[in-house]
Structures are given as structure tokens and as C-alpha cells.
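In what comes next, chain A is part of two complexes: it sits with chain B in the first one and with chain C in the second one.
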Partner chain A sequence: MSYYDIDAILTDAEKIPCTFQLDIPDLGYLDNAPDRPLKAGTKVNLPFWLAEMLAIANAGDVDGKQYITFDLPPALSNDVVQALKADPRSVPLRDQSAHFYALATRMMELSDEPELASVLRKTFVTRASEIALHARKVGGVGHSKGKGSEEGSNLGIGGAGEEFLRGLDEWERKLFRKAHDGAKATKEWMETIKRH
Partner chain B sequence: MPMYGDLGNKLVIHAKRTQGLAHLPPYQTELVRAVTREVRDLNRDVESLLEPFQGSFDPTQDHATACTLLVNHLSMRRNKRCLLAYHRTRTDKLEEMVWNGVDVADLAGPQAGGGRGNGPGGAADGGSSSGSNLSPQEEDYVRQYSDLLAAYKGQWTDIDLTGSLEPPRDLFIDVRVLKDAGEIQTEYGAINLTKNSQFYVRQGDVERLIQQGYLQKLG
Partner chain C sequence: MALPLPPGLTPAEVSFLAEMELVTVIPRQRLDSIELLSGKTPPLRPPHRADLPLWLALLLKKQRRANILPPPWLHPDSLREIIHQETTVDPQAFSEPPPARHPRADPARPGRTLPIHQDDDGFILSPPFRPGSCTADAPVGFLPYHWLEVAEMLLAHAADDIGAPAGEVRGLLRDLVEVRAAKLRNSTSVLEGFGGGLMSLRGVGAMELAESRGFVLSVVDGVRKIGASTEAARREAEEEEEGADASDEDMGL
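So, the complex of A and B:
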């Protein structure tokens, strides 16, 4: 992940539910109340780039008290995880977060979530094969005998898979595009071979 | 309620969109200025927070101030990253255009063709069509980068580094002139390229002109 990576930057903008552990007079604005001090115990949704460092930094106390504690964002809540366990293909990940996997990876850097990790691994594998399947179909690349001059290169062209493809997160979209371009390039190459 | 870093995020969303476009959308002068202003404001806050301590601030003594300082610092750092990433995305694109032989003067227009549009939505942008899409600094950057590239390419006279990677099928091709391109010298004498005329020329002689959009290859 590069410093300049646009998707990484957007991932870091995702909000995380945090709870402040200290009274902080000047940070009331984080809780929509610039005139009041921020009380310990206040729950605020903070972007990841802020929450991460606040959670890691301890207040330098003897008892090592933290500025904030955090929970998993709604995108990774138990409901979502249960739905993914039931059928990974039926959950539109994009509705949870456009950077679903990236966000999950970032969260797991902060806290150990072995169960989440294994669910997500299974989710990705199941969905990846589905994505590959759709990528070959779109634009008539498949094994059909037709010359297939239609060059549908856009995402989500008709078909039953439209709903599924709409729910892909950024990472999966990239995967889809690569698989699709690959299949298309192979087809083009095969055709030039035949001509000579 | 707007938060520190929100404006920077807008900038990055612009950058994200830019990645998928074939041309370069207008430079977000206002947004860039607003984000830099935010950084300056934050810095002023930090200075006034630290002032009473006369340089002897001890974070373990004053958690609340330490936390505020941390939040301010992180917000500045975040803004910096957003600013840098936004500009980097654009310069990457500009460099690519220079390599693709897009005319620098054309870049000033809203519809700078050139760059092969990959990815979705290469459609026209809703940006204003008046003036240049580049900031003055970017124009300077393109100019200097073009000079650098030209100097680099100049080392090899018989290889065109920015030439097409597709091996030609025919030595000679039919071309139609789309824009007046003046007279060019070829092995077979001079040709005067006036608009709408058609020629049968050696591909190698006109490759650059095709790339730059002066000529169109026929057949």
C-alpha cells in the first residue's frame, strides 16, 4: 500500500465507532458541539486515519490509559458476518463499504479478529470464482462459436449477474476488470492467430 | 457538521474520478486552497495551545491537551497526504500524456484526446470549458517534462522511444489529413499536408502526426 494510493486514502476515511476515555475540553467539535467539552464515555464516529493513532497512542499514564477505544464499524458487524457465513454471494459488499476488504484488513491490523479473518477469506474465495465466471460471460467472450463482434467492455451489462456485480467492492471490481480484459485479450489473440 | 479532513477527502475523490478519465478534468484551485488554509488554521491552533507552556510541554501531565495536539497533528498530516496524492495523480496522468505524444498546447483545452481511455466512463467531463484545465504549475511541469523526454529521446536517432509498439503490417499506408500540418520532408520528397487531402505515405514518416491527431489512418 503506497502513501499515494488513492484507494488506500479513501479506505482510511471510513468511519469507525469510537468511545473517548478522557475528558477533552477542546475536542467538543468532534461530537458536533464545539462549545462544550468532550466528556469521557462519549461515542463518536471517527475516520480511520484519526481513530487508528488515537487508539494506539496511550495517554502516557502509568496505567496506560488510552484516549479512545473502538468497535468494529457497521460494515463488519455481526449481522454482516452472519450473512456472509450463510451465503457470501448474496451480500452486496459495496453497500457496506466501497472498500470493504481494505477496511477489514485495516481493522484487523488494529485488533485480532481470527473469526472475521476466516469468514472473509472464505467470502473472497467464493466470490472470486463467481466474479471470474461473470467476467468471462460479459461481452460474449465465452466458448460460444459466434464471431462475437459485440465488444461490451463496460461493467454490469444486463444478465442475471447484474445485481451481484453491482455489489462488488473496489478490490473485486479490479479483479473483475482484470479477468474480463484478460479473457477479451485472449480471444483477440486467438483470432489473429487463426488469420495467419 | 464538517470535520477536519473532509475537504481533503473531496480532493481525493476528485483524484479517484480522474484515474478513470481519458482526459484531465479542471484543476480544483478552490479546494486545494481551502485545504491548505485548513492546515494553516490547524497549525495556528497548535501554536496557541502550546504557547502557555513556553516550550516545556509534558504530555504526561496534561492528557487533554496532548490529545488535542495529536488530533490537530493527525489532521494536518492527513491533509498533506490528500494534497500530495491529488497532485501526484494528476502529474502521473500528465506524464502519461506526454509519453503518448499529446500536444502540450492541446492539454490546455477541456478535451485533450490522446491517452487511451481505459476503465469506465471516459465520457466528457462536466467541468467548465473556459481556460486551461491545468494549474500554472502543472503547465510548467508538462513543459519541462516534455523537454526532458525530448532530450532523453534525442540520444537515439534511429529509434523512436514514443513510437507505436504495434509492428506495422504495411510499409505504406493511406492517410487523410484532418488538420493542416504544413509541409513534411520524406525520403520521396516534400509533401504538403493540407486539410482533407489524402496521401499514400510511408508509415514511419507520419506516425507522430497520426498520434498527434493531424492525420487519420485509412483502411
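So, the complex of A and C:
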């Protein structure tokens, strides 16, 4: 992860639900009450980078209390995980978060979620083969439109395919691009071979 | 940012390398041996067959000075057998690469075969460097490393030498490409379970690798990232266990 990686920065800006464990003066504006101190037990959505620092840092109390505890963000809630378990292909991940996998891996670094990890792994791999299929198809159709030769593929992109592609998160979009570039390069080579 | 090309070879580079494969030609005119960097070509004397690099064979073919003998695996029957193998016999794995060295007749001892696995230069077992996989005495029913490139080039420039109707061969090749592309896509599913993170790419051709390299690498990398925290936790637990064992032993001593 590079310092200038825009996706990493955007992932860090995702909000996660946190609960404050201590009273904190002068932070009331986070809870829309600027004139009062922030009470312990208040739930606030904080960006990941802030929540991470506060969750790890020790408040310096004798009890070793943390400033906040955090929950999984709605994108990784039980509903979503159950839906992914049922059928990974039918969940539009982008609606949950544009950086779904990146956020999930960051969360898993903070708290141990073995079940989440295995569900995500299955989801990623299952969706990957679907993505590769679409990447090949789109290449065929675009190609036949562009040059008017060769049928490319008889499958075409139907409504369902388009919907699936709209639901890809950033990782999956990159995957799609790579698969598409590969298929396109090979197709172009097939064309050049006949010319000389 | 620095280099616009993705890692690995582009299809054009792969097909350039494929032109180094030897093919068998039947010359129509005499041609003396040519000294090339990789060694001398055999002198051409019609009607004796000779093995030439594909690029030279195609050049001579265009000048109508030689005919190319298609490799045996390009015959429709051989292709059909491979498709059968890929679709029905073993729908999961790719068909086997050609055997390291199929037995050949020993010219010195009639009726016997040359010992297998032995070459003048020692053992050459890995596909890109295996000689003679596209010549007339290549084994039937096995796809060599550069199968797609050699087949496409022969179909494009020497279709009249193929023997079988070019349309039929082309159709079979297209089927084979589709079957294997689908397999490569679905082979990612073996990465599903923890601990099973191995994809077998045995028998996959050079052009197929060039096409899917970016995709396969990204999938493997994604799986690695998703499993990174679990893996780290597992390692820590293991180390702790080892540490505990070590301290036990210390106590014993």
C-alpha cells in the first residue's frame, strides 16, 4: 500500500460505528451538542483512520480503558455476510462500499474475524471467474461493433450482466480491467497474424 | 507509471518466440545451409524433408520454395481427441503437455528405439525449451507449449498445406480455445478454501498464459490480501506453540 494510493486513502475515510468509553470534554460537536462534553456510551460514526488510532491507543487510565470500541460497519454487517454466503454473485458489493474488500481487510487487521475472512475469500474467488467471463464477453461485443467483422461472442451483455458489472467494487474493477486487457490483446494479435 | 506494459510477455512477443519452433518442410528447391546465430540450418535437397525454424519455413512457403508439413497434433482427429479429453475425460484439468521424449527409432540399431529422456545436451524437460514439439514426428494428441501460435500462423499462411479442410481445423481450434479459457477462469475456484491456495497451470500454453497472466495474478494477490490477517494470526499461534514446546524442552534439560 503506497502513501499516494488514492484507494487506500479513500478506504481510510470510510466511516465505522464507534462507541465512546470515556467522557471527553470539548468533543460534543461530534454528537451535535457543541456546548456539552461527549458522554461515555455515545455512538458516533468515525472515519477508519481516526477510529483505528483511538481503538488502539490506551487512555492512560489505570484500568487500561480504551477511548472507543467499534463495531463492524454496515457494509460488513451480518445481513450482508449471510447474503454473500447464500449467493456471492447476486450481491452488488459497490452498494455496500466502493472499497468493500479493502475495508474488510483493514477491519480484519484490527479484529479477528475468521468467519468473515473465509466468506470473503469464497466471495472473491467465485465472483472472479464471473468477472473474467464478462470481461471476455464485453471484449467480443465491443470488437464486433468497432470493426464490423467477426461475431466475437454470441453471448452479448444482457441486462443481468450489466447489473452484475455495476456492482463491482474497486478490487473487482481492477480485476475486470486486467482480464479484459488480456483478452483484447490476444484478439488483436489474432487479427494481425492474418495481415502479414 | 514507469513501464506502460504489464508484467510478462505480450501476445506479439509470445508469437515472436513461437517462430523459433522447428517445423518440418518439404523443399521444392535446393538451398544451402545457412549459418544462423542458433546454428546452421540443414541444407535443403528436394524431396528430402528437413526441420527449419517456423519463420524461415513461412518465408520459403511464401516464396513457393517449400511446403510445410503440419505437425501431427494439428490433424482434426488429434484435435478432436484432445477436445474429448478436455471436455469429457477430465473436465477439470488441462490436457497433459507432450511427454518429455516419446520413443523414436534408433537409426543405428534397427528395430529398437532410442532411450527416452536423453538428449545430446542432457535433459530438456520444461516446455519452452523442448525441441521438436511442432515437427512432423511430434507426438499426436498432445498440445505443445506454443500450440495456439503455431497453429494460427500455419492456418494463416500455409492453409493449403494443412491437408485437412482449414475451416474444420479452425473450428476445432476455436472450440479448444473456448473450452480451455473457461477452465482457466474456473480454476480460480480452487483458491476458495484456506490452505488450498494452489492453482495448477500444467499444460497451459504460452498464449493462454499471456492472456490470463494479469487476471490470475490479481486473483491470487487478492486472496492473499484477504487471508493476510488470518494467516498472521495463525503464524503467531504457531510460533507461540513452538515457543512453549521449546521452553518445555528447556525445562526437561
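Following the convention adopted for this analysis, the second predicted complex is superposed on the first by the 175 of 196 C-alpha atoms of A that agree within 3 Å, B and C clash if a C-alpha of one lies under 4 Å from a C-alpha of the other, contacts with A are read in each partner's own complex, and residues count from 1 in each chain.
Rule of thumb we're sticking to: a residue touches a chain if its C-beta (ideal position, glycine included) is under 8 Å from a C-beta of that chain, and two chains touch if they have at least 3 such contacts.
In this text the structure is predicted, and so the values were computed from the model without any measurement.
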Pick one for A:L120: touches chain B only (first), chain C only (second), both, or neither.
second
With both complexes superposed on chain A, which partner does A:Y3 reach: first (chain B), second (chain C), both or neither?
first
In the overlay, answer first, second, both or neither for which of chain B and chain C A:Y101 touches.
second
Is A:M190 touching anything from chain B or chain C once the two structures are fitted on A? First, second, both or neither.
second
Between chain B and chain C, whom does A:S129 touch in the aligned arrangement: first, second, both, or neither?
second
Could you say whether A:W49 touches chain B, chain C, both of them, or neither, answering first, second, both or neither?
first
Can A:L30 be said to touch chain B (first), chain C (second), both, or neither?
first
What is the contact status of A:L168 with respect to chain B (first) and chain C (second): first, second, both, or neither?
neither
Interface residues of chain A shared by chain B and chain C, listed none
Where on chain B is chain A touching in the complex?
1, 3, 5, 9, 12-13, 15-16, 19, 49, 59-60, 63-68, 70-71, 74-75, 78, 81-82, 84-85, 88-89, 119-120
Interface with chain B, chain A side, in the complex: residues 3-7, 9-10, 12-13, 22-27, 29-30, 32, 47, 49-50, 53-54, 57, 59-61, 65, 67, 154-155, 177
Which stretch or stretches of chain C touch chain A in the complex?
6, 10-12, 15, 152-153, 156, 181-182, 184-186, 188-189, 191-194, 207, 210-215, 217-219, 222-223, 225-230, 233
Mind pulling up the chain A residues that touch chain C in the complex?
101, 104-105, 108-109, 112, 114, 117-118, 120-122, 124-126, 128-129, 132-133, 135-136, 171, 174-175, 178-179, 181-183, 185-186, 188-190, 192-194
